[in-house]
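Notes for the one structure printed next.
Per-chain numbering from 1; labels A, B and C assigned in written order.
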């Protein structure tokens, strides 16, 4: 499912003294089945942008097309159907859990979609499996008995149970320990490769963005600075630094090594690629 | 008192901590057989996955909870000795993870004053301490702001100022950067390093970000309530495989060096920073 | 939306009234309220109105802003007026179906309405000119003189200031949880009252859990910062009565004196009750 953002602008509290332009004329196309990373420092407009994609916020001007259809210019019921196809996982999603059991909590979304009980149960089972947890083990537990990492995965399952075609995640690894981070990212990656899901990942970790996504959307002050492959974006070190961002550590390393080894490639942002390049150039 | 040259700030002697449950099966052994000490002026990093006992340990050091077995000695005072409770909490200050849930007052400077007010410091002296503490964390300009208008990094710096105003000798940081964005993390880390370097503050820094402790004097690694490794950052991080096995990470440069060595390259295994890597590769 | 709610409704203009010690304002307001219930003729109301006008002008708060405060309570005022108008026995001056309007009823209704309006305006001037923090400090001091409440004065004011600190945080949190549940297909806009109330559960439960978690963490953080109740506690900012407060006290006594005078006036123009 493709998502087109057309001339999108959003102004908070328009006409009041607190008026604030959060987005300014954004034009971005997200192709079906792609894996996009969004980076930008706090307040750059990332959150505002992703909340437009499933209609939580209404644009001040411009619009969003999902598979060519305008999600802000339709009958309400159709619009809601369309929005359900775009799943949004907020930051610290475990803070939205509320039911007595994991089963009931994950079922909240599909139930709201008006599915039959059987369909709901199937979806709950599948989505809990998709986030790497054992359905039979956790289904009757209270979500609040689980560990932090497990709670987060259940919350993500709650969105997956709506079977979205596009999955947007706002910093899904925030506050987790290294293993928890790794597990969540691996699951997101497999949703993309195995379920062919379109994934939009908002993250502060350039390392994670560098090794996962196909295209990076760089935002600053409500505008798009770059929308390109990691190879291109991460070689713009100066521009990125000027807007408070950075590049992965290995990218800095390659740039430093270039003074001694002019033939070394700079468009490298994973440890794996750096190893190969160093072995090739330095060891010969 | 002692023959040692270094003065001990904190001593943890054979500590066990059990979270009591309704019955014996439910009680959880969070720490067992933990022994270490921290010298005055040291910067010690503590790492371990969630549930490894780090937070329990930090609360023991600040006398918020007390060991089931063994002793925690802060600046010569045993935390079991309840008459010294307030002295211990004043000596070993603590900064927590969530910046929102540790600020009490509606105005920044009133929040910084909270600690010394509790200690019964005279009004005029509180004023001086608050001004000094806010200057140290470079937040004077925000003295009259409301906490909820600040960024995460700024809130954490206010929390640090609140502890500084109590004039402690040691600060325990319990994952102070976990909920911050990269710029907030940088601000807070710079503040913590400055306190250790310029004010000779003893720092115990608990974190999941390995890059934050590559300059620490010492690192303690916890797993399942026990200390599994202890030593300089170089000596700890070179154990790439062992750390990954207990759910931890290593700095990116250390990982790269490890990979290069595995591929047969002759490079030392205790590289932590980009500078060291450049040196090693451009010799 | 939710963020626009301003609790305490503080309207800073930097006027002399804003700068007064909160204790002065609290005492003044208390005296004013007592006065309102002692007034027994129109002269008293005229005098009170005059006091209100003068105070409002000095405070530099736009009159429209103050009137907005009355609007919210217009229903209560109307209800009081109607009840008094029709329910008071006496000389009937007009009839409306089975209901009779009496002269006495008219008098009482008018006075009650004036009393309520003056009460609302007077107290809202106090909250508009005093920051919530100052108000809390002032109340803590005043509570020390009330028996039984005295021993809880510190705790009550600490609770109030923590509430003020966390209201904006919890507002933002509510907003975020609402959006997260909307993204899971929750509907808060349609349905009857019962289904709407039921729809609030996915918001209220996470909000409660979060509030309790925050309370727990805050309590630990406060203990770590050596909080042990109000005993032996000092304050950085101590409340100090200044000259402008002393002047206000003189004015307050003059006001009270003036009131006592008006109650003694028996003018033929006005009907004593």
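Observations
Basically, a residue touches a chain if its C-beta (ideal position, glycine included) is under 8 Å from a C-beta of that chain, and two chains touch if they have at least 3 such contacts.
By chain, UniProt protein names: A = Energy-coupling factor transporter ATP-binding protein EcfA2; C = Energy-coupling factor transporter transmembrane protein EcfT.
Model, not experiment: these values are computed from the prediction.
Because contacts link each chain to all the remaining chains, their graph is best described as complete. Ranking all chains by how far their C-alpha centres lie from the centre of chain B, first place goes to C.
With each centre defined as the average position of its C-alpha atoms, the distance from chain A to chain C rounds to 46 Å.
Each chain gets one centre point, the mean of its Cα atoms, and the points for chain A and chain B are 31 Å apart. Centroid to centroid, with C-alpha atoms defining each point, chain B and chain C lie 45 Å apart. Residue ranges of chain A in contact with chain C, taken from their complex: 51, 54, 56, 80, 84, 87-88, 90, 93, 95-98, 108-109, 112-113, 144, 158-159, 162. Per the touch definition, chain C reaches chain B in the complex via residues 132-133, 161-162, 164-165, 168-169, 172, 213-214, 217-218, 220-228, 232-238.
Note for the complex: chain B touches chain A at residues 49-51, 97, 151-152, 178-179, 181-184, 208, 210-211, 247-249, 251-253, 255-256, 259-260, 263, 265, 274, 277-278, 281-282. Within the complex, the chain C residues that touch chain A are 173, 176-177, 179-187, 201-202, 205-206, 209-210. Those residues of chain A lying in contact with chain B across their complex are 41-42, 147-149, 174-180, 204, 207, 244-246, 248-250, 252-253, 256-257, 260, 271-272, 274-275, 278-279, 282-283.
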